[in-house]
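The two complexes that follow have subunit A in common; it is paired with subunit B in the first and with subunit C in the second.
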Partner chain A sequence: METFSNFIGGTIALFSDPIGILIFVGGVIGGMLFGAIPGVSMLTLAAILLPFTAHLSAEHGVMLFSVIYCTGVYGGAITAILFNIPGAPENAPTAFDGYPMTQKGQAGKAVGAAVMCSALGGTISAVIMMAATAPIADWAISAFGPPEIFALVFFGLAVAASVGAKTLWKGWLSILAGLLIAVVGLDPVGGIERYDFNMPYLLAGIHFIPTILGFFAVSEIFVQAEKKATGVYKAPKVSVDFPSLAELITHKFAVVRSIVIGFFCGILPGIGATLAAFMGYNEAVRWSKDRAQFGKGKLEGVISSETANNAATGAAMIPLLALGLPGGALTAMMVGVFQMHDMEPGPLVFINSPDLVWVVFAAMFFANASILVIGFLETKTIINLLRIPFQFLAPMILLLATVGAYAVRGLVIDVVVMFVAGVLGFFLRRSGYSVAGIVLGLILGKIGEQTFAQAMQMLHFEWSGFIDRPIALVLIISGLLTILGSIYGAFFKKHHSVDHAAGE
Partner chain B sequence: MNVKKYVVPVATAVAATVFSASVALAACATDSLPASMEGPDGFPQRALTMIVPYGPAGGSGQVAQAMAQAVSDLTGVAINRDHKPGGSGTVGMTAFMATPPDGYTVLEHIDDASSAHALDSGRPNPAMDLIPLVISQITFSQIYIRTDEDRFTDWNSFVEWVKAQDGKATIANVSKEGSMERVTMKFITDATGMKIQQISFDKGAPRYGALAGGQVDALFEQPGDVRKFLDAGKFKPILTILKERPEAFADVPSLADAGLDFEPLFRFRGFYVHKDAPEERVEWLQWAFQKAFCEKSYQDYNESKFMNLIESFRDTEGARDLITATIEQYRAVYEEMGLEVK
Partner chain C sequence: MGKLRPGHFVEAGLWLALAAVLYIYSFDFDQSIEIYKYGAVAWPRAILLLIVIAAVGQLLYHWKSGDEATSGTIGAATDDGSEEAAIESGHSSIQWYVSTFVLLTLPFAYMRLPEWIVQMFSLGEGALTSTKLICAALVIALYVFMMRRNHVGGMLALPILFASMLEDMGFYATAPFFIIGVMFLMGERRPKWMVIITALILGILLFLFVSLLYVGLPTGNIHPFYDFGNWVVTLLQ
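== the complex of A and B ==
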C-alpha cells in the first residue's frame, strides 16, 4: 500500500510540473528516434545530453535518462524489423524473425508486436522494480557471483547452438567462431595481448556493434543486391496490419517467460538488456514445438526478444539505485547525472531523496506505457520507409551503418570490421551457418571468458568448486543436458533434422 | 623479496603531501598564474579535441569532463572529448600519437601509461615523448571490508584471518599483469607473509558488487571510487596505503602503523600535448590547464572524489618528476618480479 501511495505521489509530482512533462515527452521521443538509428543509439543521445543535465534539477536529469533508457531500447526494434539493422545490440534477436516477417509483407504485425511487447515487458518490470528494489538487489549480488554468471553464459551458448543453423555442427561452429573472435585483444583478467598482429587498435578487441551491423545490415544488402541483379528481387509489401489481441494472447507463455528472463538478466551488474534479449529468444526457440519456423518470420521470435529487452530496463535500475552498481553503459552515465548534483546512487538515495526515486519510478512506468501510444503512431508513418526503392534505400542503409560502426569508438578499423563481416555474412548465410550464433558467441564470449577466469580464481582453480554453488551447478547441468539433447536429436532423429534442413 | 629495495625517488616526488582539505582550498596551487592569457596568433581558433582512452562513465571519463568544462569556463574555448577506450589505454594513446602536433589535440591519461612504458620502452614515455600540461589528480589506495563483516574487523584481525585460510581468502582487484594494484598487493603480501587470491575485475560495478554481495572477502580500491559505499556505511577501510594517515581517514592505520615498509604507488591522472607542438601554443595550454585546476568547479569535483587529501597538482616539471620516478620504481619492481622488461 505504501508502494502504491508513493507511486501516486511520484506521478502527481511528475505531471504537475510543466518542465517535468516537457522533459518526459522529449525523453520519450528522443529515445525512440535515437534508438531507431543504428550506431547513433540512445547512448549517443545520453552522452550529448550529459553535460546539460548539470543545468537541470537532479530529479529532472535522472528522470530524463531513465525515460531515454526505456524508449531507446524499444526504438532499435523498428530498424531491426524493417531493414535488418538492429538499432542497438539488444535488438539483434528481434531482427532474426522481424526482418523475415517484413519480407513476407508482415512488417506492421512485427512492429506492432514489438510495440506491445516492449510496453508490456517494460511496464511490468517497472512495477516489480517499484515493489521490491532493495531486497532483489541484495539477493542478486549475493546469489550471483562470477561462477553463476559464467554458468548462465554457458547455458545460453548451449541453447543458442541449436538455433538458426542448418545443422547442429554448423550451429556449434558458428558459436565457436564467435568465441574465437571474442578472444582478440587484451585478455580481460591478466591483460595479456592476443591476436593483435602488432596492430594497437586490435588490442581493444573486435567490437560487437560493427560485427552486428556487418553480419545483419551489410550482408543483407549484398543478398538483396544479388537478387536485384539476377532479377528475382521483390520489394517487401507494406502493411500496417497490427497483430490482434487474440494473436498475442496465444503467446502469453512466451511473454511471461521473457519477462522473467529479461528481468533476471537486467538485475545482474554488467549483463543487462543484450543478454536478456538473446536469452529470451533462445528460450522461445527451445520451448517451441515449431522450432524450424524460427528465423523465417515467426511472430513469437519478435515477441520474446522485445519483451525481454524492455523487461531488463526496470531491473537494471535496481542495482543502480539500491546499490550504486550500474549494469550497462547508460546506467553508468546515470551515475554521472547523480554526481553532477553531488549525489551518489545507492542506499542513501532512498533515505535522502525519496521524492527523486519515486518521480523516476513513475516516469519509467509511464515511459513504457507511452511506447504503446507513441509507438503505434510512429509505426503508421515509419513503415512507409519501405516504399523507398531498393537502389535508393540500400546506399542510405550502408551510409547509416558505416556512420554507426565508426561512431562506436571513433576507429576506422570498426568500419573495416563491419565490411569484412558483411562479406563473410553473405557467404556464411548461404552455406547454412548462423550469423546470429557468431554474434552471440562474440557477445557472450567476452562475458563468459571474464567470469570463467574470475570463477576459477575464486574457486582456487578447482572445477569441483562449482558443485558447492547450487545455482551455478543447476545451470551447468542444464547446459550439458541441452547439448546432449541436441546431439541425441542430431544422431537419432536423422530424418527430422533433414526435414528442417530441407525447409531452409 | 626485500621491499626496501623499492624505496626510490618517488619519495621525493610525492613526499610530505598529505594535508587537510582546508589547506588545499585556502591557497590553490596556481593562484599565482595570471588570470588571463592571450594565445599566440589567436590560438586556439577552433575547438580543442581531448582524446580520452577510457569510456565516459569511469574515473578518467569523469575527470576529462570536469577538466574540459573548467578550461572552457576559464578560456571560452570549447573542448570536444573523443573517447577511444580499449587495450588498457593503448588505443587512445596510439590514436593521439597519430594526430598532427599542432596543439589542437590533447590527451588525458593515467599512470597506466607510465607503467606500460616501464614494461615496454617501445611504448611512449609520458614524460619525454609527450609534454605533461598538468597532473590534476593523485590519489592513494586502501583495503576495504564490509562494515557488517564479523570474521575480522580491522587490519590486524584481517591479516590473521587471511593467514588461517591458507590461500583461500580473496580480494577483488584490477590484477592485470604489472598493474599498480598487482604490484602493491605483492608488496603487502610479501611484507605480511599472507597468501590471498586476487580476483580481477576490470570494471568498477562488478568489483564493488563482489564485496557488497559477499563474493570476495576484501576490496582494493581508491577512496574516491567507493565514496558512496563509505558514506552509506556499507564498506569500511582497514588499511590506507600511504606512509601517514590523511585527516579524512584518521582512524585507519597507515603503512607505518601496520609496520609495512614500502613506498606506496599512486593512481594519477593528467593531461598531455605532443612534444613537437609549437612552443607558444604549449605555453598557452599549460596556463589554461593549470589555471583551470583552481576553477571552483574543478576543485569541487576533486573534493567530491577525495582528491584533496594529498596534493593532487603537478605542473609540467612536477609531472615529469613524478612520471620519471614512477617509471623507475615500476621497472625495478618488474625486474625483481621476473617480468620481461623490454
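== the complex of A and C ==
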C-alpha cells in the first residue's frame, strides 16, 4: 500500500509542475521521434541532451532520460513494420514479422499490436519496478559495502563484455579501453596525477560528456555518411487498428513470456532492451508449434519482440537506483545526470531524495501508457518526418553536439575531444567493437577502482577477506563463471546465437 | 597461417603498442601511497595486462576462426551494419586509410603550426594572427583538394577541422561553412536547398541557445572574426 501511495504522490508531483509536464511531453515525443528515425537513436538524443540537464533539476533530468528510454524503445517499431528499417536495434526483430505483415496488407494490425504490446510490456514492467526497487535498495544499504559493490561492478563488466561486440575478445577490449580512459586524471586514493602528459586539460580526467557525445551521436553520423543513407522513403498510406481483444488473448502466453524475458534481460547489466527483443522473439519461435510461419508475417513475432523490449526498460532502473550500477548505455548516461548534480545514484537516493525516485517512477509508468495514445496519433506524423533527408539532419545533430560539448565547461578542447571520440568510435564500430562497452567501462571504471581500493583497505589487503562476505563472493564467482562460460562458448561451440533467429 | 589477414596483425599490433607505451609512461607516476599498498600504478597496469591478454587472445581467435562472430556473444543482435557498409564501400584499401589519416592530421597541423612558425622565425606577437590566417587558408585548401576524392575521410575530418578553428574564428563565422560542408559530403548538391537548410538550422540553433538560454558560444579571437561574432551576439541578445 505504501508503494501505491508513493506512486500517487509521484504522479501528483509530476503533473502539478508545469515545467515537469513540459519535459515529460517533450521526452515522450522526442524519444519516439529519435527512436523512429533510422540513423539516429534515443541514445543520440540522450547524448545531445546530457550537457543541458545541468540547467534542469536532478529530478527533471533523470525523469527526462527515463521517459526517453521508454518511448525511444517503442519508436523504431513503426519504421521496422512499414519499411523494414528498424529505427533502432531494439526494434530489429519486430521487422522480421512486421514487414511481411505490411506486404500482406496488414500494416495497420501490426502497428496496432506494436503500440498495445509496447504499452502493456512497459507499464507492467514499471509496476514491478515500483514494487521491487525500494526493498532491494533497503536491503542493499545494510548488506552492501565496498567489497560487494566492487564485486557487482566486476560481475557487471563480465556480463557486459560478452554482449554487444562481435567477439568475446572485442567485448573485453572495448570494456578495457573504457577502463583505461577512466584512469586518466587523479588516482582515487592518493590524488596522484596519471597519464596527464603535462597537459592541464588531462589532469581533470577526460570528461565523460564529450566522450559519450562522440561515441554515440557523432560516430552514428559517420556510419550513416559511409552508408550514404539518403533516408528518402516512399511513405505508404497507413491506418492503425487495434488487434481485436480475442486475438490478443490468444497470444496471452506470448505476452507474459516476453514480459518475463524482457524483465530479466533488463535487470542484468549490459544486456538491456535490444537483447530482450531478440530473446523474446527467439523464445516465441522456439515455443511455437508452427515455427515455419515466423518471418512470414506472424502477429506473434511482433507481439513478442515489442513486449519484451519495453519490459526491459523498467527493469533496467532497478540496478541503477537500488545499487548505483548502470547496466547499459542509457542508464550510464543517467549516472552522468546524477553526477552533474553532485549526486551518486544508489540506495541512498531513496533516503535522500525519495521525491526524485517516485516522480521518475510515475513518469516511466505514464510514458509507457502514453505510447498507447501518442502511438495512434503520431504514427502518420512520424511517417512524414521520415521524408526529411538525412543530409539535412546530420549537420543539425553535429552542431547540437558541438553546442552541448562546449556548454559543459566552455572549453573548445572538449569539442575537439568529442569529434576525435566520434572518429575513434567510427573505426571501432566498423571493426566490431562495442561503443556501449567502452562507455560502460568508462563510467564503471572510476566506481570500480575506488571501491576496490576501499575494499582492500577494509580487508587489510587480504584477498581471502572476500570469502567471508557471501554476497561479494557469490557475485565474483558468478562473474568468473560468466567469463569462463563465454570463453568455453567462444572456443568449443559452433556458431549458434540469437542472430540465428534473424535468419543470418 | 590459419585465417589471418594483415589487418588482424595491425589490430593486435595497435593494442599491444598502446599497452606498451602506456606501461612505459606509467613509471612517471609510480609513487607509493602510505595508506594504500598497491599505489597509483597497480590498477592501470592490471588493465594493461588484461589488454595484452585480450589482444593476443583475439589474434589466436582470428587465426583459428577468421572473422566469424563468437557464439558466446550476442554481437549480431546489436549489429548496426557499420561493418557491412565498410566492406561494401571499398573503404578498406590502404590508399583510403592513408588519405583519411592525412585528412585527420590537418586540423592538428592547424592547431600547432602557427605557434611553431612564429617561434622558429622569432616573429613578433603581431605576426601570429597573420600566420594563423595563412595556415588556415592553406589547411582548408589542402582539405578541399583531398576531400573531393575521399568523401568519407572528409566527413571524419571536417568536424575536427571545424573544432580546431572555433577558438580563433569563432562559432558564428565558421558554422555556416560547416553545415554546407556536411551537406555536400552527404551528397546534397542543390545550392538552393543548402542555403535554405543552413539558414533554418542556424536560425533554430541560435534562437534556442543564444537568445533563449544565453549559452556563450566561442566568438573567436582573430580581428575580423571576433568583431563579427560579437556583432551577431549583440544582435541576438
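In the analysis below, the second predicted complex is superposed on the first by the 270 of 504 C-alpha atoms of A that agree within 3 Å, B and C clash if a C-alpha of one lies under 4 Å from a C-alpha of the other, contacts with A are read in each partner's own complex, and residues count from 1 in each chain.
Here is the rule we use: a contact is a pair of C-beta atoms (placed from the backbone, for glycine too) under 8 Å apart; a residue touches a chain by one contact, two chains touch by 3 or more.
These numbers come from a predicted model, not from an experiment.
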{"item": "Contacts of A:G410 with subunit B and subunit C, given as first, second, both or neither", "value": "both"}
{"item": "Winner by number of subunit A residues touched, once subunit B and subunit C are compared", "value": "C"}
{"item": "Subunit B versus subunit C as contact partner of A:A204, first or second or both or neither", "value": "first"}
{"item": "Subunit B versus subunit C as contact partner of A:T53, first or second or both or neither", "value": "neither"}
{"item": "Touched partner set for A:N310, first subunit B, second subunit C, both or neither", "value": "neither"}
{"item": "Touched partner set for A:S258, first subunit B, second subunit C, both or neither", "value": "neither"}
{"item": "First (subunit B), second (subunit C), both or neither touched by A:T94", "value": "neither"}
{"item": "Partner chain(s) touched by A:T71 [first = subunit B, second = subunit C, both, neither]", "value": "neither"}
{"item": "Which superposed partner A:L399 touches (first subunit B, second subunit C, both, neither)", "value": "second"}
{"item": "Subunit B versus subunit C as contact partner of A:Q106, first or second or both or neither", "value": "neither"}
{"item": "Those residues of subunit A which subunit B touches in one complex and subunit C touches in the other", "value": "189-190, 192, 410, 453, 457"}
{"item": "Residues on subunit A engaged by subunit C in the complex (per definition of touch)", "value": "52, 55, 89, 92, 162-173, 176-177, 179-180, 183, 187, 189-190, 192-195, 197, 218, 221-223, 225-228, 230, 274-275, 278, 389-392, 394-396, 398-400, 402-403, 406-407, 410, 412, 415-416, 418-420, 422-423, 426, 429-432, 434, 436, 449, 452-453, 456-457, 461, 485-491, 493-499, 502, 504"}
{"item": "Residues of subunit A defined as touching subunit B within the complex", "value": "47, 50-51, 138, 140-146, 185-186, 188-192, 200-201, 203-205, 269-270, 319, 323-327, 329, 332-333, 335-336, 339, 342, 344-348, 409-411, 450, 453-454, 457-458, 460"}
{"item": "Contact set on subunit C toward subunit A in their complex", "value": "11, 15, 22, 25-26, 29, 31, 33, 35-40, 43-44, 47-48, 50-51, 54-55, 57-58, 61, 64, 68-83, 85-86, 89, 91, 104, 107, 151-152, 155-156, 159-160, 162-164, 166-167, 171, 175, 178-179, 182-183, 185-188, 193, 197-198, 201, 204-205, 209, 213, 215-218"}
{"item": "Complex contacts: residues of subunit B adjacent to subunit A", "value": "55-58, 61-62, 65, 69, 82-88, 90-91, 93-95, 167-168, 170, 175-179, 197-203, 205-206, 208-210, 212-216, 227-229, 231-232, 234, 304"}
